[in-house]
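Both complexes shown next keep chain A, but they swap its partner, so chain B is in the first and chain C is in the second.
Then we have the complex of A and B:
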């Protein structure tokens, strides 16, 4: 973990702005491609980032995604200001969701977001301060990793 | 990028299934590698592979974000559901072919399978 970051990007995420959802993740995908990261890693980051971004859109007031590119890995942190997660274990359970009926009607809230993120990433840590927000930290090893998407 | 002669492209699918092209008409020569049917966005993010066609009845702009992030070949909106202008403009922007049909998803999937998309 003592490598030097060779690229750093940050993009904002607006809570409740359903129809802007995916903008930050799309920017991350483009930035990683331009940084020369391999397709498989870019794909895994894009999928995980989107799920995390939609969690912010659906549940929080605002947030941002921060990305650091290293020679051997990509680190992503998604931080938000919002209600936080009261029970992280429950939130990680496939099928469990606290999304609104409105969100579910749009095809969100399947309870697959955090499990998807865990599957796509190589390392995942979730810190939550109820009433304050959530910080989700992800690591993706470049050119190999968990092989998801291949 | 010229596709292989025997490779099914979005254009080939649109003609064979009688689909209406709503957006992304500049990207119709994209090859199709597979397909999936779902109205759950997370399912598509988890299961969609690059080059898949996504058949859905969801019409909002987030479908385009999902397709772009998962590197899907195209979105086909089934059963006569009509995407709004914001979805169309997002599809143009993200270069995702967006097509529609009055046929239900089940029928479209069956015809796509018959075309050799597996």
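Then we have the complex of A and C:
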């Protein structure tokens, strides 16, 4: 964890702006490619970011995704201001969701977001402050990751 | 199978043409739930879906899926068309149902582009 970051970018996420959902993640994907990160890692980061971004869009008021590229890993933090997650264990259960019908109409909200994020990433931590928001921290080891992106 | 051949088989209209001409498909993945696409689709596949939103296009972009086939002759809105042009994803529309489109393509030799594994329990 003592490596120096060789690339840093941040993109904002607007809560409830359903039609913009996914924009931050497509920007993350492009930025990582331009930074020369390998395809499998880019893919895993992009998928996890997209699911996390949709969580922010569907549940929170606003948020942002922050990405740091290191020689051996990519660290991602997705923070939001919103209601937080009342029961993290429940939220991690595949198929459990508190999303609205609107979310489901967009092809999300089936309770697969957090399980999918866990599957794509190598390390995951979720801090939730009810009434304040959520901070999701993810680490992806470059090359030799878990292969979920291929 | 080429994208052009797949499109011919399901009698689809072109909504947004592929930006790079001839595309060879790695296979096919069909789902309306974008989380399933994000979790399991393999890159290079044709995505068959009934979801006509820009989320479909962004999901295809994230997963390196070159083309989307909309089923049941559904209307494709201007937002989805614009997103597809921006992300360079081809979009087609077939009057067939998802089951029929999948069946015809599989019969013609197109295979599932799904990675192994399941959602973590």
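The working rule: the second predicted complex is superposed on the first by the 150 of 150 C-alpha atoms of A that agree within 3 Å, B and C clash if a C-alpha of one lies under 4 Å from a C-alpha of the other, contacts with A are read in each partner's own complex, and residues count from 1 in each chain.
Keep in mind that, in the parts below, contacts are C-beta pairs under 8 Å (C-beta built on N, C-alpha and C of every residue); 3 or more make two chains touch, one makes a residue touch a chain.
Nothing here was measured: the structure is a model prediction, and the numbers come from that model.
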Three-chain arrangement built on chain A, chain B and chain C clash or fit: clash
Touched partner set for A:112, first chain B, second chain C, both or neither: both
Touching partner for A:131 - first (chain B), second (chain C), both, neither: neither
Touching partner for A:94 - first (chain B), second (chain C), both, neither: second
Which of chain B and chain C A:71 touches, first, second, both or neither: neither
Touching partner for A:50 - first (chain B), second (chain C), both, neither: both
Overlap of the chain B and chain C footprints on chain A, listed as residue numbers: 19, 21-23, 25-26, 29, 43, 46-47, 50-51, 54, 106-108, 110, 112-113, 116, 119
Of chain A, residues touching chain B in the complex: 18-19, 21-23, 25-26, 29, 39, 43, 46-47, 49-51, 54, 106-108, 110-113, 116, 119, 149
Parts of chain C lying in touch with chain A, wherever the complex brings them together: 32-36, 38-39, 42-43, 49, 51, 53-56, 58-59, 61-64, 79, 87, 115, 117, 119-121
Chain A-touching residues of chain B, taken from the complex the two chains share: 39-43, 45-46, 49-50, 56, 58, 60-66, 68-71, 86, 94
Complex contact set, residues of chain A against chain C: 19, 21-23, 25-26, 29, 43, 46-47, 50-51, 54, 94, 105-108, 110, 112-113, 115-116, 118-119, 148, 150
